[in-house]
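Residue numbering begins at 1 within each chain, and the chains themselves are lettered A, B, C, D, E and F in the order written.
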Amino acid sequence: MKRHDRIMREEALQKANVLVEALPWINEWRGETVVVKYGGSAMENEELMAGVVADIEMLKLMGMRVVLVHGGGKAINRLLSQLDIPVRFKDGLRVTDDATMEAVQEVLIGKVNQQLVWALNEYGNNAVGISGADGKTFKCEPVSADLGRVGRIRKVNCELVEAVLDAGYIPVVASVGCGPDGFYNVNADVAASETAKALKAHKLVYLTDVDGLLADVDDEDSLVTQVTRSETHQLLESGTLSSGMIPKVTAIASALDAGVEQVHILNGTYPHSILLEIFTDAGIGTMFTQD
Amino acid sequence: MKRHDRIMREEALQKANVLVEALPWINEWRGETVVVKYGGSAMENEELMAGVVADIEMLKLMGMRVVLVHGGGKAINRLLSQLDIPVRFKDGLRVTDDATMEAVQEVLIGKVNQQLVWALNEYGNNAVGISGADGKTFKCEPVSADLGRVGRIRKVNCELVEAVLDAGYIPVVASVGCGPDGFYNVNADVAASETAKALKAHKLVYLTDVDGLLADVDDEDSLVTQVTRSETHQLLESGTLSSGMIPKVTAIASALDAGVEQVHILNGTYPHSILLEIFTDAGIGTMFTQD
Amino acid sequence: MKRHDRIMREEALQKANVLVEALPWINEWRGETVVVKYGGSAMENEELMAGVVADIEMLKLMGMRVVLVHGGGKAINRLLSQLDIPVRFKDGLRVTDDATMEAVQEVLIGKVNQQLVWALNEYGNNAVGISGADGKTFKCEPVSADLGRVGRIRKVNCELVEAVLDAGYIPVVASVGCGPDGFYNVNADVAASETAKALKAHKLVYLTDVDGLLADVDDEDSLVTQVTRSETHQLLESGTLSSGMIPKVTAIASALDAGVEQVHILNGTYPHSILLEIFTDAGIGTMFTQD
Amino acid sequence: MKRHDRIMREEALQKANVLVEALPWINEWRGETVVVKYGGSAMENEELMAGVVADIEMLKLMGMRVVLVHGGGKAINRLLSQLDIPVRFKDGLRVTDDATMEAVQEVLIGKVNQQLVWALNEYGNNAVGISGADGKTFKCEPVSADLGRVGRIRKVNCELVEAVLDAGYIPVVASVGCGPDGFYNVNADVAASETAKALKAHKLVYLTDVDGLLADVDDEDSLVTQVTRSETHQLLESGTLSSGMIPKVTAIASALDAGVEQVHILNGTYPHSILLEIFTDAGIGTMFTQD
Amino acid sequence: MKRHDRIMREEALQKANVLVEALPWINEWRGETVVVKYGGSAMENEELMAGVVADIEMLKLMGMRVVLVHGGGKAINRLLSQLDIPVRFKDGLRVTDDATMEAVQEVLIGKVNQQLVWALNEYGNNAVGISGADGKTFKCEPVSADLGRVGRIRKVNCELVEAVLDAGYIPVVASVGCGPDGFYNVNADVAASETAKALKAHKLVYLTDVDGLLADVDDEDSLVTQVTRSETHQLLESGTLSSGMIPKVTAIASALDAGVEQVHILNGTYPHSILLEIFTDAGIGTMFTQD
Amino acid sequence: MKRHDRIMREEALQKANVLVEALPWINEWRGETVVVKYGGSAMENEELMAGVVADIEMLKLMGMRVVLVHGGGKAINRLLSQLDIPVRFKDGLRVTDDATMEAVQEVLIGKVNQQLVWALNEYGNNAVGISGADGKTFKCEPVSADLGRVGRIRKVNCELVEAVLDAGYIPVVASVGCGPDGFYNVNADVAASETAKALKAHKLVYLTDVDGLLADVDDEDSLVTQVTRSETHQLLESGTLSSGMIPKVTAIASALDAGVEQVHILNGTYPHSILLEIFTDAGIGTMFTQD
């Protein structure tokens, strides 16, 4: 064997070693359902998206049942601005009149969702876009009269998502719901949590722009690596959470209460956060667990 | 029994008689696959849409496998105009640059498709929106460099549509496809024909704004009620078809050649055209058949 | 379109409207099991039978699991008279010696049952005759020594009926049972009720010669339209029921107690009573419901 | 061990040896379909019937798919005589007017068939009576205007028989068929042969009153033990067959031509003829084989 | 028929009668799971083995799910002696160092097991050898440090045995187990009992060299024919059992406690003991039953 | 994040990248059947075996259907020497008398096979040992009278291997076969090739002690990296192959002729050869392909 070949083989060998090291994790996770909420900056950058999509695909090939749930606030704002529709928020929620709702649908279902489907399909005929109206997946009611078409999920009909998983696809679910009088705009963090609960998922992963939960909001090094279910409830009651974290942690607590084993907040702007979390023992992000 | 009750029962009885008269047709069509292309004015009017949707639902409940394929030219134009994107056509085809394509996706997948899904779901959790990118259902290639993202369907992967039918849903397919470099805008008449061919459908129905094929374009009473496959090819070769009919009749000929038994052009603006065609012997529209 | 065509289409359109009006009911009843007891004059008249059979077929095509249970007292009497076998009744029950039992079998299984199978098969290869001895469907014991081969159903083995339903047929069950020492003559009203109980049917329909339960036996206009389960038991205890109604209402109470949701007494001599009851809101007959 | 016990065990041991000797045959016949035509005196005698039924049950328990086909000429004659309906034959076929046909149905389906079902059910919930009208199993056309309701089988729909076999029952098929205008009386030998052909049976057994085919009709010792398919056709052409044998041998030739491997004529009045034929090497009856 | 033929048929007929007599037992045992522990002298003699194997095969053909579990002490001793490895016992258990364990594996899995597989395969492609390490069927832990690789079964993973049964084979299980540090030698009586418990078997049969349990160890005529579960426990507590019987009866009590219906001790050196026990009413051996 | 954590994450990230790079290969190989022949020094060294076993497990987790076939010449020799049985070869084949055959069984089935099963089970309850006698997987006939129990495979019954694969296990097949008169010793290279043919495998891999096929036997750098099917046949006819390679290349040609797509000779003493071959583009060993 020549020197060049030796080096190439050496490298290949290191790669093979990595695959073999992943064996115990692959074994452990085979057949489990994982819901991944995807959003924030990680979705705005093409290279980051490529990485996330590769991770999702890897989970599928490892035999996991993966469901992707996404929102798309920034993309919605862009279309609204192009259409000269004013953007209004109230208590952190987008006031959604009919024109806004139409734009939300167009962006989330027609554009963002399809972009994710397209990226996943690079690896086969793998992904299927689903809106919460398809198969009445997310049945909603209005949150309040003031907010217009902002919806609260009353019921998740997960038959369609299950059928699509069983047929071997990755469901990519847009955070839009439907009610007796039309479409509703639903919070994607909550949509992910409700989906995980309905599917009795093992794991729920939030890909965000931050490293996880910080003990001290102003100190990046104060990352909390593990929180139990009872501690999660204490956190919510303590009033110490940043206002941005409250809805997410509420959704997390609800998922834990319903039996989801583990919920993660990971920084989706770091490459391969999901794979690192699942297939290595690099402790990253914050993991919420049952007590 | 009182007089009022007698009258009510009399009416109910007539209704029961209608149901019973439909029995032989129901029996005949049970289990068959029917692809319905839906478009034109029939889709712009809410009441008409309600009628079409009820018909589609009825076919499903009668045990048929129904697939709805739709375009949405007028709705696309509206959004393009709102976004100040110029509308350009060449040889009857929409010149589709990237910005136009994004708007096409947003309208067809995010809005028109979801509207149909929502209307069908009035009768249960029945419908599922599918874009040609989901499961790579429509694999496309560009028609010509001049036309940008106008695509020709190279292959229909009908596994997803089949899976969704098997799971008991009505697939509602938007005429958008995907290629190696992104999304493509495909002709909905052709998309319907290609879907019918891939599914080995028994029947393909075009819901349009006209009564059918006219022998003399200027004479509304010259409706041709039945055309065989060889006559269809002769029509295409004869040069007598109106330019608007040529692509549709070409798609029809292709479906007949591939074994679809019957293709219909019906006027979707008449209420319940589909039910009339399938469950009564009122001869309506133009029927294309095998020789 | 010519005037004649306009009228024809108008009529066809009314028919289509009727089909569409039935949609919500079809949706509601899909997949439910319905047991229909068929007997009395409605079975003696060919035209009436044609109507009942069309209704049954319609229920099947609407996706319901229909089971027909029948007796045939008048036809039995005719054969007994031809064979010079005396007809004897005691407490309303036919005293059944061995020769009578043989005639009962011959008429019910060989003739009446097959006539119903034949009529249903007009609409396909749909129906299968079943006697209570086939697959030991009705296991019986003698009611009393005096009555000879009059049997009480001890157990319904519904595996055969289920297998036949699953294979897509309508089971037509003759009210004959079997015991350790041969065949038994069983009351068809009870056979229907026991079958409904064993199949956990949603609905049990008695097609009779009367309009339903009358509050005052002598006043045809005193039809009771709805009776709850507890009221049914009160009726039985009250002693006000006509002697002819007692066994039927006892069978009905037993079905309700076992969880059958609705039991109906309908006049089978009115055309399409079953369809009217299920697919319209014409209130006909008497409906017994859970409390 | 005491002497009495020794003797008992000795006997038991011989029995066990018999079971073990049957092993190779059981192995060979597992899963094969066998159609048994049952008729003649063997069906008139209760003890003989018990033996035949035990044999049929044994075949089923050995894992074979057994179908019993029967006629019942003598029983029909008895009922006709009781009803004062004249019995008429023409060319060996029963002239069958409507009254006769009704009696044929009553006897074959209501009585003979049910007797066989009842006897088989002694061993479990095993048997299901089927008439040729059930599931339109035997579709018939009239043989000739003179003969009335004597039918020729045009088509065997074997889906019902298959469904009943798959559900673990023994189908007991009465030789009655149906046509567009009602019921038909069909020859049971032909019904058995047609059923065997439709089911692609491995073996077809005719249980008769004779030992098999005799080379010389007047010499009981001239039994022919084996006949090939080509010899069967030669026999039919030779004109040497007794008139009673011609229809049976014609049916046999037709079964062999359609691929049934072996057809047997056995004497059903000898106990356990079927078991002897299948599970021992006692050469009995006449076996017709492929060339 | 000639005299010689008459005699042959007479014999054949007696055989058919035996088959028919077995019908009720076959019916009763169809589909039940039976675990047979095979060992002792019955396994050392080729003719006896042929008989046992035929019995096992017969049970399978009768539709029972049979599992054979075996040890092979004598064969192990022979190989150990050939290899000059000393044989040592302590408290009736073989002290098993690594070299001994290797020999145990070689003999039990490589030789004894394969001999049984081979003999069963005489009747088809029927048998599959399984060691307790295959599919980690027997997960073990060491009994005590002194005994080396003598293992106690902690858990039976019966998925592999079930899969092999479902695929139509007879699993032949060698009494070898596996633990975290390699292979273990397990008592075959216990292995059979644990397998029966894990499979929720109906019957467990011990084929031994003795007639059964004796009330008085020194009196061969004191055979106890039936023992209830509570009596079994009393026997174990009474201290009257021979030391050789204690482990077997302990295993039996454990099986009964876990719900196995019947456990038998039979003398495997008598021909066809298993068939006699199951298919005749010759009372042989000792039967342990639930109370 | 602290420096130490940064480094750890950096490493983890590289690992994730490796997993992601493997995606296209995993996708390509999913669901394919691969037969691996394992033998030579790679099987004698515990560390090497651990590597091979990890590779096999990885293939399984990637969704491939892996079958391991092995021999074990050196281990056989050791036992023969311990038992003082002389080792004799003739034309490269082991002369196999009955005593030798017994030792072959004991070593291959009882020891080597179980060692592989045990090692694979480290990763779950994954592996099942199978001998060619189990389910008559390898039906053999003697090669020649001189060689005793050396067998040629006449037929592979792959139902058992398929059943075990379908149940989710890795079949580990010992190269022992069976014939009408007992066990046979079969060449493991041929056994692997015949198994691959019977399973219609996509790939067959020979793990050996050499780097592959050398153009010049004396020059290690003359490795031939790719050989087509026709070249393989030319090689066999050319007479230039070393005598040790002839049987292996004959088996390879036979596999290619039967439609196996790719056959590899890899050096099993290099770590992870199989993974390198399948999941990287490091060209190693010799690959035989269809023309």
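Everything that follows uses one rule, which is that a contact is a pair of C-beta atoms (placed from the backbone, for glycine too) under 8 Å apart; a residue touches a chain by one contact, two chains touch by 3 or more.
This one's a predicted model, so the numbers in the text were calculated from it and none came from an experiment.
Looking at the partners of subunit E and subunit F together, they share no chain. With steps allowed only between chains in touch, the distance from subunit B over to subunit F comes to 2. Homomeric contact subunit C/subunit D: same residue numbering on both sides for over half of the interface positions.
Each chain gets a centre from the mean of its Cα atoms; for subunit B and subunit C, those two points are 43 Å apart.
Between subunit B and subunit D the centroid-to-centroid distance comes to 55 Å (mean Cα coordinates, whole Å).
Distance from the subunit A centre to the subunit B centre is 35 Å, each centre being the mean of its Cα atoms.
Distance between subunit A and subunit D, defined via averaged C-alpha coordinates, is recorded as 67 Å.
The multi-chain contact residues of subunit C, meaning those touching 2 or more other chains, do not exist; every residue touches at most one other chain. Under the stated contact rule, the graph of chain-to-chain touches is a ring, a single cycle where every chain has exactly two partners.
Against subunit F, in their complex, subunit E makes its touches with residues 79, 82-83, 102, 105-111, 113-114, 117-118, 121, 125-131, 133-136, 157, 159-160, 163-164, 167, 169, 176, 178, 182-183.
Residues of subunit E that touch subunit D in their complex: 1-2, 8-9, 11-24, 26-27, 30, 51, 54-55, 57-58, 61-63, 123-124, 211, 221, 270-272, 275-276, 279-280, 282, 284.
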